[in-house]
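In what follows, chain A forms one complex with chain B and a second complex with chain C.
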Partner chain A sequence: MSAEAETPTVDEPIVPSPGSTGPSGSPGRRLPLGRLIAALLLVVLAAVPLFVAQFPTSMLARMLIFALLAVSLDLLVGITGLPSLGHAAYFGVGAYTAGLVAKHWTAAAPIPLVAAVVVAAFAAAATGWLAVRSHGVFFLMLTLAIGELIQQLSESWSDVTGGDNGLYGIPAVEVAGEPLVLVGYVYWYVLIFAVLGFAVIWAVSRSPFGAALRGIRDNEARMRSLGYSPFRYKLAGFVIAGAVAGLAGGLLAVQQQLVTPADLGFTTSALALLAVAVGGAGSLWGPAIGAALVVLIRDVYGPDLDGHGTLVLGIVFIVAVYSLRHGIAGLSTTQFRRGPGRQTEKADG
Partner chain B sequence: MSALLELRRVGRSFGALKAVDGVDLDVSSGVRHALIGPNGAGKSTLFRLISGEMPVTTGTVTLTGNDVTKMSQVRRARRGLAQTMQHSSLFLTQTAGQNVALAAQRHRGTATWLLPRRQPNVDARVGELLDSVGLSERADVVVSALSHGERRQLEIAVALACEPSLLLMDEPAAGMSPAESGRLTELVLALPREITVVIVEHDLDVVFALAERVTVLHLGQVLLTGTPDEVRGSAAVQEAYLGSSNRGELFESTSAPPQGPLVPNLLAQGPLESTGGG
Partner chain C sequence: MTEWFADNFISILNGLAIGSLLFILAVGLSLVFGMMDVLNLGHGALYLIGAYVGFQFTGGISSWGGFLTALAVAAAFGLVAGLILSVATEPLVGRGHLDQALLTLGVALVVAEVISIIFGDDVQNVVAPPGLNESIQVFGNTYPAYRLALIGVGAVLAIVVWLVIEKSSLGALIRASVSDREMVSSVGVDNRKVKAGVFAFGSMLAALAGVLGGPVYGARTGLDETVLLLALVVIVIGGLGSVRGALIGSLVIGQVESLGRANLPEFASFMLFGALAVVLIVRPRGLFGSKVGAP
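Up next is the complex of A and B:
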């Protein structure tokens, strides 16, 4: 998961270490620790199916998928300053698209995933064109409405989506003509594409375009006076986030072999937003950990808690909001960074 | 010299209040042109009408021969209009260099890059600009650690990164020490002549030190446009600023280099000048 381990370029120390990020915000060699941890984590994650039983392996695959959704949402919330309550819509569009393509056309990798990304991007472009014109609570409400609309569509268009029963019987993904049936192989398939998705979001957030998104988040009026069109940048950010959410959805279709309207409903959107808030908006890796925590509490420990997993999530959320100003990601920056610069780090999200 | 910026009968009303009322203004290419006037004269409103931050109620704005009246601020910015703000709005958590880079990358065409690649031409331009405003040593310092004067200098570097043909400056010397405003004056005087400068400023020492043309606004209208000497000698201007009883006191000893607020203290009193009034 090399994608999430780097901190964004905005959080510069007052006097950066030699060889740190240049003025254009391009990447530099700061603490190699982050990369080291990322590389180590990747090795551990790749080795999981060799040592771990099937159930935890498939749970970990779910965590990766949900983490990818949360990280793509962080591009909107933390980097662009657009808190969305309907991001699961694009996740769901991707999941249904991949499922339908696999069921009715071909399950050959990576065609269903590519279709998921493309259709989710189009859905994000069409709806984002409306949504990103609004700000703050209006954006929240509009994305909520869009999410509900798309969920309604998935429920009522039963000829295509299977309605309330969901889209079931999705065939296993095929690699070189062989269907991936074993849990470990499916996990590896998910891991590869999740890492690719993380890498995309990471690259975008550290690119000149990502710097522009941060500028728009912090001061839209100033960006206009510099000649930036906030609408275009926000729309592009929205589409990229939607496309990566679509990729996560495509992976869900592979992993679950079933897609239901609940996968793109309000609860999924809200949990993704919760993962971002708990993890620390804007850090990318924080929301990934937040997402893993959400899946852990809801799906792994949930059954032992007599279905009170959501209650525990609520408590975790309250504790995180009150005691961790920058979420889980804030903990590490406190340890590794010094100087007054970091005190004023973005508190939004 | 051709007119770079032309305002014809430009007006802006807020309800019944006419903050700017039928202003005609011609700013020739390459000139340093100051807008002055007592509090409430409509300077900042006029500034926003020129930048496109606020639409005009009446009249037309022409920039480099093109009618930009209906154009958004973004499109005017792309046509070479840059500005420094009255209240510094730099990105406080970013370094001085990053602030300039954000402007430079837009105008060097790399702002839409989606990969974290190095931008040598942007980096070079950033270095050049920081050097030109005397901040090359401070490139890697976050803005929140810069002094007020340094932030103002940085504002200029950011505006220059937009490759402007017209630079609008809204009270660049506000809150500056005499030494800092002296440095600012030198900086503006050293700008290349391809850049036309329109400056709104309370500090008359700064105005008379750098402006070649001065427009005096009063109650939203142009009272007088002329050379600094003409403005100094105008009885109408003195009356507008101080009322008839104080005539003759306004512009004493202001032609010397800036040494601190003399009369401007009088002018700087009171609430900040109209930011809309409505």
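Up next is the complex of A and C:
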């Protein structure tokens, strides 16, 4: 995480392309179409602040942040088969860490983000050490409990976190000594690091390590008999996912300049899980689209619904479970790929 | 030791009251999960329905009529909601816990939002019925009579549930379903009916817990998440699908909550987590866990 200065350039397709990250573990041939879409999307995303007004730009920044959270959760849910209901905890740990570092020490980029990633990784390691021992539904409940308790910590440790009022007055991030005040610059800052985060998760999922995680998801006993230690692999996956969620949280602190206990609560975790399920677990790019959809409903249409965007999201949950078994990603891969359908059996929780 | 006991007498009683409430709440969740492998994250929302039914029918007025009506209405709501949830989760059987969790979570979100649209986001108080609406002397300590009654109700319900599950033929059917569903269906019992029955019964208890907990916790938004978390911790500690486990888990968590908040308010949340962590490290399937929930 120290090489943020050399961030990926636009012409490199770092956004995962459809079909390249099938959860079956076989990388397959990368479709040129996918590369093209990814590159095009990146160009469009980079150009947004030049053409779009402030409010939609900051909304898009929120979508990117939430998408990064959802993609990091997909590493757990889709790739490793560990459905976590407390993933927002590490998002929040990152957000509070970045906010506190920026407020009390330095707001110079990328120090708050690096701190967010490191502390979130430690938090994930400490709690994951316990959580990944459990299986199936126990994992779901343990992560839920961990998430709730970290949220309670953020509420009750008010000397540091500001309690229910949240941590406010986070200074704007400084690049080369100049604070980034304009919405467009903040957006680009978010975009650069979000793309970096996506790239990390994507690289992990395509590495032999990612293949081992899929193997553990599909048949843990066999992986163990092959000499792998499922505990270590799962813990490592958990820590990586937590660290990237922390990065997303650090970006949230930059974008909102405010962190509240709600940002790491159960609802945030549940919405991230919804984004993964709606988008299609295991595809990585699907959850990013799912996250954009969730933010669109909650933050863009929510205010028009008298603040009851959650009601619509609840209905989306229900509809998604019944009708979108493989998520948005499942809809598109049936067109791109022939032969037997993707085996996106959702992680058996 | 005696001195410590005397100092913490009120906290221990509070812990028993919380434990009673938790048992009523958690036993349904535990049975539904243990029996049918359905993780119902909407359980907290059922409690919330009960709490607001209690508020609706008693309001700020202390009356037995209102309180009993609220109990009856909440029971009816719970039964119907349980049946609906049972039918709704039927197509998801065999699709893993994540889908069930998402579905019931979606239902919980919708219920909580609808309640917040109807009743607003203010904290509402529910008043205990007359006679229980005051404090009485217990060994030289003043203590709310309602909480004592709650302990009594919890104890009675625990005995009733235990008798039904452990001693009746219906209970035998339920226990058989918990341990081997296929075998039960192969002797000609319709699993779906058993599931619907247990689901309805458990949901009814959750809604009743909402009414019963009203005079202690009131009715407010966000309560559903709080009680869901507590109930989950209870059944994870006690072991899924076990009545005895739910009872012991409730009593333990009640004391941890109450004594923790009284003596170490800063660390109360961590004691809860600590208890959970210790149990899961020592006994990964809970204190009285069966084989259900295996990977």
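Simple rule for what comes next: the second predicted complex is superposed on the first by the 311 of 349 C-alpha atoms of A that agree within 3 Å, B and C clash if a C-alpha of one lies under 4 Å from a C-alpha of the other, contacts with A are read in each partner's own complex, and residues count from 1 in each chain.
Everything below uses one rule, namely that a residue touches a chain if its C-beta (ideal position, glycine included) is under 8 Å from a C-beta of that chain, and two chains touch if they have at least 3 such contacts.
All figures in this text were calculated on a predicted structure; none of them were measured in a lab.
**Student:** Which holds for A:178: it touches chain B only (first), chain C only (second), both, or neither?
**Tutor:** neither
**Student:** Counting only touches as set out at the top, which of chain B and chain C does A:314 meet: first, second, both, neither?
**Tutor:** second
**Student:** Where does A:164 make contact in the superposed view: on chain B (first), on chain C (second), on both, or on neither?
**Tutor:** In the superposition, A:164 touches no partner, neither chain B nor chain C.
**Student:** Which partner does A:209 reach: the first (chain B), the second (chain C), both, or neither?
**Tutor:** A:209 contacts chain B only, not chain C.
**Student:** In the overlaid three-chain picture, which partner chain does A:224 touch, first (chain B) or second (chain C), both, or neither?
**Tutor:** So A:224 only meets chain B here.
**Student:** Which partner does A:156 reach: the first (chain B), the second (chain C), both, or neither?
**Tutor:** Touch status of A:156: second partner only.
**Student:** Where on chain A do the contacts from chain B and from chain C line up?
**Tutor:** Correct list for chain A: 345-346.
**Student:** Given the complex with chain A, which residues does chain B contribute to the contact?
**Tutor:** 51, 53, 72-74, 77-78, 82-83, 85, 89, 91-98, 100-107, 110-119, 122-123, 126-127, 139-142, 144-145, 158, 162
**Student:** Which stretch or stretches of chain C touch chain A in the complex?
**Tutor:** Counting only chain C, the residues touching chain A are 33, 39, 91-92, 95-103, 105-110, 112-114, 116-117, 225, 229, 232-233, 236, 240, 266, 269-270, 272-273, 276-277, 280-281, 284-285, 293-295.
**Student:** In the complex of these two chains, what residues of chain A are touching chain B?
**Tutor:** Where chain A meets chain B, its residues are 9-12, 14-16, 20, 22-27, 203-204, 206-212, 214-215, 218-219, 221-222, 224-229, 236, 240, 340-341, 344-346.
**Student:** Report the residues of chain A in contact with chain C in the complex, numbered from low to high.
**Tutor:** The contact residues of chain A facing chain C are 77, 83, 85, 130, 133-138, 140-142, 144-146, 148-149, 152-153, 156, 220, 265-267, 270, 273-274, 277, 308, 310-311, 313-318, 320-322, 325, 345-349.
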